[in-house]
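A, B, C and D label the chains in the order they appear, each numbered from 1.
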Amino acid sequence: MASVEVTDQIDKLRSDFPIFADIRASRPFYYLDSAASSQHPAVVIDAMDRYYRHSHANVHRGVYGLAEEATGIYENARKHLGRFIGANDPSHEIVFTKNATEALNLVAQGLGRVLLTSESHVLLTEMEHHANLVPWMILQEQLGFTIEYLPFDAEGLLVLDDLDAMLERASILGVTLMSNVLGTLNPVAMLSERAHQHDVLVVADGAQFVPHFATDVSELGVDCLAITAHKMLAPTGIGALWARAEILDRMQPFLGGGEMISDVRLDGFTANEIPHKFEAGTPPIAEAAGWDAALGYLEKVGMATISAHDRSLTNYAMIQLQERLDDRITIFGPPDVTKRGGVISFELADVHPHDVAQVLDQHGVCVRAGHHCAKPLMRQLGVGATARASFYLYNDEQDVDALVDALLDAYRLFHD
Amino acid sequence: MNDLDDLYREIILDHYKNPRNQGVLEGPTVHAQEGFNPLCGDEVTIYAQVEDDVVVDIKITGQGCSISRSSASLMSQAVKGKSIDEVKATVSRFKRMIAVEESEGEPEEVDLRVIGELAALQGVVKFPVRIKCATLPWNTLMIALEDAQAR
Amino acid sequence: MASVEVTDQIDKLRSDFPIFADIRASRPFYYLDSAASSQHPAVVIDAMDRYYRHSHANVHRGVYGLAEEATGIYENARKHLGRFIGANDPSHEIVFTKNATEALNLVAQGLGRVLLTSESHVLLTEMEHHANLVPWMILQEQLGFTIEYLPFDAEGLLVLDDLDAMLERASILGVTLMSNVLGTLNPVAMLSERAHQHDVLVVADGAQFVPHFATDVSELGVDCLAITAHKMLAPTGIGALWARAEILDRMQPFLGGGEMISDVRLDGFTANEIPHKFEAGTPPIAEAAGWDAALGYLEKVGMATISAHDRSLTNYAMIQLQERLDDRITIFGPPDVTKRGGVISFELADVHPHDVAQVLDQHGVCVRAGHHCAKPLMRQLGVGATARASFYLYNDEQDVDALVDALLDAYRLFHD
Amino acid sequence: MNDLDDLYREIILDHYKNPRNQGVLEGPTVHAQEGFNPLCGDEVTIYAQVEDDVVVDIKITGQGCSISRSSASLMSQAVKGKSIDEVKATVSRFKRMIAVEESEGEPEEVDLRVIGELAALQGVVKFPVRIKCATLPWNTLMIALEDAQAR
């Protein structure tokens, strides 16, 4: 059976991640919060270490060998990421940012200011993360357009009944490939096709999807894609925007400063070529080296293996949670595991998620509790917060069992 | 799990399950104030009815965890009927107890007789993240009272 | 003599920096480009390593112990940096950004949009780095105010004859504490006092100054200060804006997303408290840990020691360059070493700086050649580019000697 | 220092010190184009006089390093009097020689007789940062010619 082989491989992989050995030596440790941020294999930590010990210099500006080496490391990471998501022109279509949030702000300001007027409509969904909501709201305050929202149903799936009418009014569609709360995998290839029929550009939030599924931007058909490194085994401090070269060409510069100019006079500036036009100041160089290594690691394991492992673990968890907690637990999002990624948000009876997470922590089980930066979605669900467990390639059924045990304990604490 | 028992004392769970002074107040002397904990989504609205610088009534609505809700409930009991000056003294005693300025030093020894039932919230000191849950209703009340005094 | 003791201490320090041992084992290596980016002591690399191996989790959102630990590491770095520059309220007045450039964009957009109208004047200097020019030009395109410039004289010192008249028209003064090309130390305490007499807010660019001189924002009297980590022994991918709390309170949010909100509804959002209001998305956590360690290292060595060492080396270099290269070299900036930091820009006769740097590289001497992201300054000097050598605590007289030897060789190559 | 000698061949230094075709052209058939190397501040302006699809004259102004200036000078010699199509072929041969698509593979073997003196610039291949210096005048010329053809 495929999933057994996958699980065997995963068992071996965990030893690549120093944090598990280090923390487990002293206390129980079940890390179920990779949707917030993932852990790091030694190859990633070592790549940054090596960079700082052997190759550090500022990039793009130096003639000397070390600066050339650093530039090479940085630009290779760009190309690697481009290839990883199937970009047509890897060296020109990836803009490095500090995180996915900056990437989405860059699209809103860079593309939005070119496309939108006070008459325009931007179409978002009610399940977006704040990172794909607030940048549009800030721009809306500046330009005064209308924002509309695609709703979702009781299973956490987008309701597309009015899609064409909404697209007809819209200039931009912003949609997450995967909800960080519901786990929902949105039908983005189809949405892109429909959007393009109405000349609507598609801005996809790939923060949750790209770390877990093989990603091909041409298959998805999107125009822009925001990515963040720290959810895919890579360092903090770096993210990226991918966009088709002709979109990047049309976009206005966003952050001003060194690197992003081709000329500066006292009376104005001329922007540099893409992608440099959007990278102002010293970029995250060591972080790019680390991300490069993480991509290599993910490729070695295989994205298909990772998705399959996520799915089988999600399936196991859904069953265990329902069997052992029964009507004391409410799981949000699609019941069908083929429609969701490895993220499970839930409520434990009347125990507040904050209290759930607190009790779980005493068992060494790390889950997130809160609004998960998706307050409109929370209001839609009618809750103030949920607890959320999320899986990645280093998790296994023991993590799930520890979760369920701890939840039973939390329930008892509040019901005795 | 000693710390946890300390956090979830019986009195906390009691006030969480049976919060006192729930509801809404209306009228010209009522000062309503919303508060959010941006980290976790807790929300609270405090309705303080202030007459002649005395908090004659207080009601609370909102959603939140055991700590924020019990803290709100205990607070409502502690401040109802007190003058604004007395309330301010209570708030400051409470904040010193749970060491809101965590980084600046140890929580102060506070006379537990003066603070009464509020002492049950002392266990939160060991859980820095939860301190914000405990202080949310108190900070919200303070804004409402400043508003009352400004008018 | 103080400078001998300092030099003794410095000799020992170099062994704290792995890159010198590692590269020097295989080839000559004279790193004279710290003004572009500095190298890293082992304590900094180790701090990040330790973070990834033991303490990584996303910050601010987690109830569990690991997330609390990561949050503590991040917030402690904030407080440390605040204390390092003498902030009144370290935990509220430091906003972490990705670099100094983002910090200056944040001020331009956050403060500029609140203060400026099409009638306003912003006063900058002709020696600003692009990072303190282009953000204002981008905002100018959006709001349409006037930008004026303080000129500099033949010695590279600001000409202040019209200062009061210019300040009278202005709302904001943007000025670098130290020029990255000329080395000029600007009289910012005096400028701030004069600016405040005219109700002008002062935005200081501390990218070059803070790494080399003890910095106290109250003594400087500035209102905002941009800082970058990678020029002060710390990682890439992080910088900061310091501003007085009441200034930050007045500023509009800039990047939108998670963390920076207190509430989000479908029809708008409410911003969080300072400093979180300006930190959208997952911040550079490991980088903050590294910066914290770098600050500790700098404090241990002592900023006064570092400034004294920089100055004595600059002095030695100015003398050597002039004595051994004579009229074949033109040095830009103040001849008086007490008026400049450890940065020397020069021209070698008619040999183009690019060619100079290329030949120097063959000798293992790393200097920068180009416009140094200060094209208006270059035009003012009447050159297209300069070569630049810059010093830090790990440099010594051998580095200077190697520089001069290599320059003599470059001259020969182009004049035989 | 072998690579360095390869970079700074005599012919390069000669064209750097005595650049050919310096100056400005004016007139209705002149297409002027500015180019910048954002990395180092090199600037070049190319004046191409195009008549009947032939580059009848070319002049150059600007500032730059030995590589960009000698490349411009060598280019001006190589294209003067040639038809636009011939110029395009030369540009593409030149770019293949110095492997502008560095990452995509090894520099191509180019017939050095066809390329003539331009071969002197081959040494730049070993200095990736300098390739931009060498290509700046060529890319700028191409824009000027596109402009000429568009009119």
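Observations on the structure shown:
Methods note: a residue touches a chain if its C-beta (ideal position, glycine included) is under 8 Å from a C-beta of that chain, and two chains touch if they have at least 3 such contacts.
None of the values given here were measured: they were computed from a predicted structure.
The fewest steps needed to get from subunit B to subunit C, moving only between touching chains, is 1.
Put simply, the C-alpha centre of subunit B and that of subunit D have 74 angstrom between them. Between the Cα centres of subunit A and subunit C there is a gap of 31 Å. If each chain is reduced to the centroid of its CA atoms, subunit A and subunit B end up 37 Å from each other. Residue positions of subunit C with contacts to 2 or more other chains are 61-63, 67, 259, 261, 263, 354, 358, 369-370, 375.
Counting partners per residue, subunit D has 39-40, 130 as the residues that reach two or more other chains. Contact topology of the protein chains: irregular, matching none of line, ring, star or complete. The set of touching chain pairs reads A-B, A-C, A-D, B-C, C-D, using the touch definition from the header.
By the touch criterion stated above, subunit D contacts subunit C in their complex at residues 1, 3-4, 7-8, 13, 39-43, 63-67, 69, 127, 130, 133.
Subunit A makes touch with subunit C in their complex at residues 18-19, 22-23, 31, 33, 36-37, 39-40, 44-45, 48-49, 52-54, 56-58, 61-67, 97-102, 104-105, 108, 126, 129-131, 133-138, 147, 149, 228, 230, 235-239, 253, 255-261, 263-266, 268-269, 280-287, 354, 357-358, 360-361, 365-370, 372-373, 375-376, 379. Those residues of subunit C whose C-beta lies close enough to touch subunit D in the complex are 352-355, 358-359, 362, 369-371, 375, 378, 384-385, 413-414. Subunit C contributes residues 60-63, 67-68, 71-72, 79, 91, 259, 261-263, 270, 272, 276 to its touches with subunit B in the complex. Touching subunit C in their complex are the following residues of subunit B: 36, 38-40, 103, 128-130.
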